[in-house]
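Labels A, B, C and D are assigned to the chains in the order they are written; within every chain, residues are numbered from 1.
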């Protein structure tokens, strides 16, 4: 039996009068990486925010591990194990890297466990260990992306959502980021929802893919199916 | 269609204009039908004082006293008409006062007005009364230039000016007691300004040393920087030219800084129960000059105080409350002179030539409307009470004021 | 020399009162990104609530039974609760409705709320002496006596000239204690850290799982308590509280916060002290300077805003596009 | 004021010149009743009017009315002018009411001035009263101390207030939002304190003996007898004020529909974007400050010369707050709304004189309520329509 970590059915949201998402449905199996591809303004970030409860859905329902989380506020959803990493949202720029990570582990009250987790994170992200006492605001773009991912991972979330991790990074950093993502999935068996513009890279690591356009899912399928579809062959310009 | 409507519109305009003009005309006539020759049933007086705002205690007490006098007059049956008072609250703001003055002069039955605790407000209303040719008798504002040849005879004043009030104080403190080193603190109001100006001049005339002048904004609560300054200046006496709250805070904080060896003297503005309340123990030994004669010394005055106490008013008698009462007496006296049908013009003459003996002595006006009655007496705080200086333990020598 | 020393003490004391109000501004600004202009009025409300509580409790005869410190504690507690509630009201009616509008709306609405608070205080209390000032001055004996009778003179502790009195030490001490407590709270507790996180990045904080609403509400509660104590000190320092002083403390506190750097709580201390020193020294050393002290203080503020808007210890922010 | 609740359109017969006339007439009758009636009647009428206005606006009928006015603009203009001419005559025997009317026009001008900064450009300027003060003190000093003709003095007052607007505007170019507000607030507070402390300007005593405006020998603040009827001394001055207010409204509308107005709005929306569009932000902001200062300055000058006394108390922070309140209450960036706001607040202030202890409280509550319940004001800003009142198309392509 395949467990579904996340099940979204018929979500619609609006920004003021403007519809942002229309009847979006998607699901992620446990231990899979699913990617959502789409252009700027297609509604990718809104989708993630809706899952996290930062944007209210007008209709539809969201289930995490088969349990409805529609009524929960954002912080409760985080407690349930959804973590989101988004470089575009920035960091706590006046705090040190270490504090940023600790703030990420907001719900861990046990100091021993916290230190354990921190150690694990340092192992996965050696780049951060060198920067522990540096203020987050002074990090480079790649380091910042790593920090946001690390901060999300520290909770060992049921579902990790990554919002355009490759955005604005040098090619070599992009490679690195996707390597980390793959490792998180394979080694730590983490379920990941990856939202990307960089379709090729995303599909390389994903198990399943969706294409979103103007707030609607227009295509879904295995990575290979997506690759051969019109949506990816003519990648939507960013 | 458009043309037609335009035609209609013009027609309508004409009709409309005619209708409105007629309405306006009727309105005008209605108001005009006040009998001019017959004796009126009602004669109105205007009264302005700050009933709300920072000086509300003084203003309300003055209103009480004024109304008390008018009610008594109405009850006495001496007048063939009822005297009504339009009480206007000027809130110590010139603009509000000016609007109030407009309200008074707009009433055709008004024959005279009296008012003002604040000189600034008086400045704003004087042109209005002058222009409406209605006499204004000032009972509380003390700035020098309010009564002047230009304003005469419409503007008269039964209260002393700043100079008339400060001179007796200076005479006692400088000539009699010998305080020579002064420091002046005042608030930045026209009252404080007027006092500072006059007192500075007096100090210069009497050959005293003025070691510094500081002006504070109304509402200041922290006088400590100034007190340090006074302390290091070596002044033996502090003159405060403002009103009660700031005065009592200054005295309080001086006491706190251990400066009981410096004399604290002020103008009538600090003579108030609040000074004692806020100053508490620190108020001891503060001096204040009060214009007029002590009401409790004369039977009429004592009667006024008793009546006021019996009236059950919440505001205590202030320094100028007797003046408001006196103003009522002056106006009533003038009304009597005018006979059955008083007019503003008749009142102007009646007031300027009046000679009224009330609770403050006899009031007559000089060639530009200023009162000739300039009595004043000094008070001192003794055991949390204002006591006439001559009767205090300070005068007998039981207690001593700071050394000059 | 004695003059200088005395004036420095004056400036520090005045600076303490400004600082406490300024911290309120910084706290609210940090977390909500709004200028809560009625902070000064909340502080004055705190002072009045102490007074009101005092009057009520004293008439019930409670103070004659309790020791002085307990009595003061009770009064502070009452004031804190009332101010915290007022802080909540402020949030509910003047800040929350404008979360998604132009940043100037909450500024205007809190100014309006400040006017309302001030006028209501004025109507209810007019100006009354703060009895606690006297109570503190007399070491508790006068507690049972409302304004008026026989507070004892301050015991002189360290005294070149009697300027440093017990009360002044209490004021400085309480301010330092509050600052220290605030520092520890912000850096060592989860709530404090969350507040910092929210002030740096609100969306991210929600994403991390911080219950932003709860923390914001808590901020207003804590701010209210701080301001209540600030009001208590202001009242004790001045020995009098006026209903309309809130506007003055509000403007000065805001100015101090801006001079120090609005989003930086420690900037409030620097700003408050700077402003107080400017005022006291203009007043104390320039002949007839008192009239100009506030003007010069404002000129300093304008200068800072125009030439160094990030404040003395604030960090320069780059315009986000 | 009979509206069929269900029908979201205006009865047909109002779509005509006659309708315009009727609406105008109703407006003027309401104005007259509100301003001249006794306390209770006036307040109830005011309240009902506001409720009806809100109702009409909810149904979108206010815009309909505006469009009728635009359609029949000639009738609208003529009838408005005629009514504006008649209005003071109706107050001929009521000096107090005429006084209120003058104050209304004065604050109308000041609120229009502030609207350039606050409404159009979203710069909350806390110093409109200071600008008024500069105008008032200019005319006071020039006429009372130098004995200048009051018209020359008025012209110089315009210059000085414009100059002050420029001076105060310059530092604000570097600042935004709160910081701008604080700068203007500090300037406003400092302004009053400076007035209090300059002996030449009379300190707290202010300056009295300001000459009233006059045309030749014909003083505008004087009682005249026309056709045997003694007319209140305010009436000539009221005519002048209405004339100037009308002129200001015209200027404000012209600016609103011009490119400048549009660019001010753009700056209000997004300064960076405005800059990218090639709008000279500095020039536009300064323009908003200067013209606003001039409007306020003229208002102050007219006020000073009318009361013949100026004092620092009249131009303090509470006054600024009141003017801000007017703009917000009426509707930011809406010329008609702003003047309406000035009218309502001034009348309330005067009618509530008896309760002047509550005056500030009432302002505070009004401001708070309006901000929470209806932040756009009584008559909200409408979508731009460039062929509105005037014939010429000033901007051909709308971008809204």
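As a convention for this text, a residue touches a chain if its C-beta (ideal position, glycine included) is under 8 Å from a C-beta of that chain, and two chains touch if they have at least 3 such contacts.
Quick caveat: nothing in here was measured; it's all calculated off a predicted structure.
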| item | value |
| --- | --- |
| Contact-graph separation of chain A and chain D, given in steps at minimum | 2 |
| Most remote chain, CA-based centroid, reference being chain C | A |
| Chain B and chain C: spacing of chain centres that average the CA atoms, whole Å | 38 |
| Distance between chain centroids, defined by C-alpha means - chain A, chain C (Å) | 43 |
| Distance between chain centroids, defined by C-alpha means - chain A, chain B (Å) | 76 |
| Multi-partner residues of chain C (at least 2 other chains) | 291, 294 |
| Residues within chain D bordering two or more other chains | 193, 196-197, 357 |
| Pairwise chain contacts under the document criterion | A-C, B-C, B-D, C-D |
| Residues of chain A touching chain C in the complex | 52, 54, 73-75, 77-79, 84, 86, 89-95, 99, 103-104, 106-107, 151 |
| Chain C residues touching chain B - in the complex, by the definition given at the top | 2-3, 6-7, 10, 13-14, 127, 129, 134, 147-151, 153-154, 156, 161-163, 165, 237-240, 242, 244-245, 248, 279-281, 283-284, 287-291, 293-294 |
| Contact set on chain B toward chain D in their complex | 5-6, 8-9, 12-13, 16-17, 20-21, 23-24, 27-28, 31-32, 52-53, 56, 88-89, 91-96, 98-100, 102-103, 105-106, 119-120, 123-124, 126-127, 131-132, 143, 188-190, 192-194, 215, 217 |
| Residue numbers on chain C that touch chain A, as the complex places them | 190, 193-194, 196-197, 200-201, 203-213, 315 |
| Contact footprint of chain D on chain C as seen in their complex | 35, 93-94, 97-98, 101-105, 107-109, 111-116, 118-120, 122-123, 247, 251, 254-255, 258, 262, 291-292, 294-295, 298-299, 301-302, 305-307, 309, 319, 321 |
